[in-house]
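Pasting in a structure now, in structure tokens, and then I'll have a few things to ask.
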């Protein structure tokens, strides 16, 4: 593995693009996410980690609008989107790729991406969307597969499609839900390259990840969650040196360096 | 007060048949995972069997009941083998449309073969009635309810006390897991679907005695069964019993207390189904 | 097979809908246009009537398909067909036919928005049953309206379309099917096509990608019901007499559904082709099967699901994806 080792954040602290203030989500008697606050800065790659059941996916669903929070507020590019539905958040600049890929099965790869380009930003014509979709396929290495149906792709290609489709909505912030899951180490390394190129194109990335080397290679900053709350926040090395974080992971079977 | 009690009693008695039809449908939905739009047509077959055996051979419906159940169990198992089995992995839409097509087919075959007239079954106990204090109950209604309770008791006994029943419930809860622990899922499906159809046929025999047999008699019962299993929550077998009572009693109340109920009673019922579905969808929303 | 990184490679850019795909559809309409002028012999009146109802069946099926494209498999088509018929019967008494026709369709379209709004979160069998129940509610309401206006259960006389001129009526039906087909093609070439397909194939994913699901689902309902109601107008104006039981019968919901699946879902030509085949088959069988001709629809539906999942269109274009019209 070509470890990047110590990669201090190259990004200066610019504007806040995504800000969560005291987000909580209650399912019946279960408090899945509890008073979570954090800020993401422009051009930053932010990782959210934590043991299983820490509330990471619920948090992501709160950010993307699958759930409305029980309390707390969410600001996207300075705008309060707490009560906005998913499609409005998308228009406001939030993209999301799912952990389990969800291509539209009866569409070609190109049509899949066209949907994102067409509806993700207002005022896009069909012709423009189709062109932008072709451009994105070239950028994400799917050019040769444009006319295939999504189910004909390999898992890595499916993940590329998932990212390409989310990028087609021209997000300012991209949420990635364990995109490395199921990939072989070589493939994961490729996916890391893809995420970096996404950031280099000016998109801030927030991702959930289990695979610690990927977090180390990618993340400018890490938010650690445990039992629905934020446990620690800082660079990879700061949080992995934090005794509380180590304790939280030791309590699980995964361990910190799984 | 007396009228009120009488209404409650009528509703309760009616719910026995509803529970039979709905339990059968719930088995198909819960265990096999198929929403059987042809469920009412299996009821219709049972009703016509009772009528035919009574009209041509003079067999009392109560005696032909087990034979009708067995015959329709066979028809159901056959249906499973030649059609349902092939769409188990298909999208839900295809499953739905397949059974929908089957329902249309069976209903219109009956129409072509037997005509659209209603056929009634005459029994010696038709005019009899039972008195409980001030309240009175038609004999056939009481018998039908008693039978429904008996058969439902047997069904739930099988589901909760026998190996086959446990297997069915296991399959209903976790398909893959059941396969892994060595349950012959294919066989469980076949039996569950057959039993589901058999239950509809039993209800059909009772409907033939209480109402009549006709090609379209099943449709309205099937729709009520859908409403019941939606109220109970998909796959919830015990909930079906309560929901049946709720539907039966509320129907009886509407018939007794809503003026001019005649022309509107159908609309009230369909409005109820509609409202149930829509309400559940919004309550289930996040 | 696939190289790890083929990022820089140029992509082959294709047009959305190739023009040649429209050829079979054009051929159908050409045939339909010249049909009344063919030497049909002494049975010409009867044949023209069959052809008229084939066109109506085409309108009904294609309008149903447009709704189905957005993932809403409805059993309420009879309701909007019937609302068109009743709307025309009632409005035709107070205004000329060419105003009564769009007005009736508009009313049906607006009522469909109510149904669409309350069934927004339902899918699959729940949606199907809710739409079925809706049809029954509408039928009962029409049946219980004051007899003096709506005729009650007995039915209602309808002003004859175009003075009962069979040939003129045929061309009106031709025009409306052509209009329906043009709407369908326009949808296929517009953003609606992508919105409908995305909603059908993954509603939540569509929303994440910015598709306004509520808007597009309602739009599908409106367009579909408006067109179905035009079909209802044709039916009412041709038969002079309508009653709730026949006009709102389940058969009028089953036929377009079966026809579209048999012909080929989510296409323009498929439902029209399906309507032609099934309608002609129905006429041929009508003499041997008096009641219960729906048996054919039941059988065709089952067989299509089991062996012909892409319908007649699947036979025509074996193995080709995309670009279907």
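As written, the chains take the letters A, B and C, and residue 1 is the first residue of each chain.
Convention: a residue touches a chain if its C-beta (ideal position, glycine included) is under 8 Å from a C-beta of that chain, and two chains touch if they have at least 3 such contacts.
Being a predicted model, the structure only gives us computed values, none of them experimental.
Peer 1: Greatest Cα-centroid separation from chain C: which chain?
Peer 2: Max centre-to-centre separation from chain C belongs to A.
Peer 1: Whose Cα centre is nearest the centre of all Cα atoms in view?
Peer 2: If we average C-alpha coordinates per chain, C lands closest to the whole-structure average.
Peer 1: If you average the CA atoms of chain A and of chain C, how far apart do the two points sit, in angstrom?
Peer 2: Their C-alpha centroids are separated by 42 Å.
Peer 1: In angstrom, rounded to a whole number, how far apart do the mean CA points of chain A and chain B lie?
Peer 2: Computed value for the inter-centroid distance: 49 Å.
Peer 1: Could you give the separation in Å between the centres of chain B and chain C, each centre being the mean of its C-alpha atoms?
Peer 2: 33
Peer 1: Which residues does chain B have that touch at least 2 chains other than itself?
Peer 2: Where chain B is concerned, no single residue meets two or more other chains.
Peer 1: Could you list the positions in chain C whose residues touch two or more of the other chains?
Peer 2: Answer for chain C, listing residues that touch two or more other chains: there are none.
Peer 1: Would you mind listing the residues of chain A that make contact with two or more other chains?
Peer 2: In chain A, 66 touch at least two other chains.
Peer 1: Which residues of chain C touch chain B once you look at their complex with the stated criterion?
Peer 2: My answer: residues 73, 118-122, 124-126, 128-130, 132-134, 136-137, 140-141, 143-144, 254, 257-258, 261, 289, 291-295, 297-302, 305-306, 309.
Peer 1: Give every residue of chain A touching chain C within the complex, in rising order.
Peer 2: Counting only chain A, the residues touching chain C are 64, 66, 85-87, 90-91, 96, 98, 102, 104-108, 110-111, 114-116, 118-121, 126, 129-131, 134, 137-141, 143-147, 149, 154, 157, 165-166, 168-169, 190.
Peer 1: Which residues of chain C touch chain A in their complex?
Peer 2: Residues of chain C touching chain A: 2-14, 16, 189-191, 194-195, 197-198, 201-202, 204-213, 321-322.
Peer 1: Mind pulling up the chain B residues that touch chain C in the complex?
Peer 2: 35, 37, 83, 86-87, 90, 92-94, 96-98, 100-112, 115-116, 215, 223, 226, 230, 263-264, 266-267, 270-271, 273-274, 277-278, 280-282, 284-285
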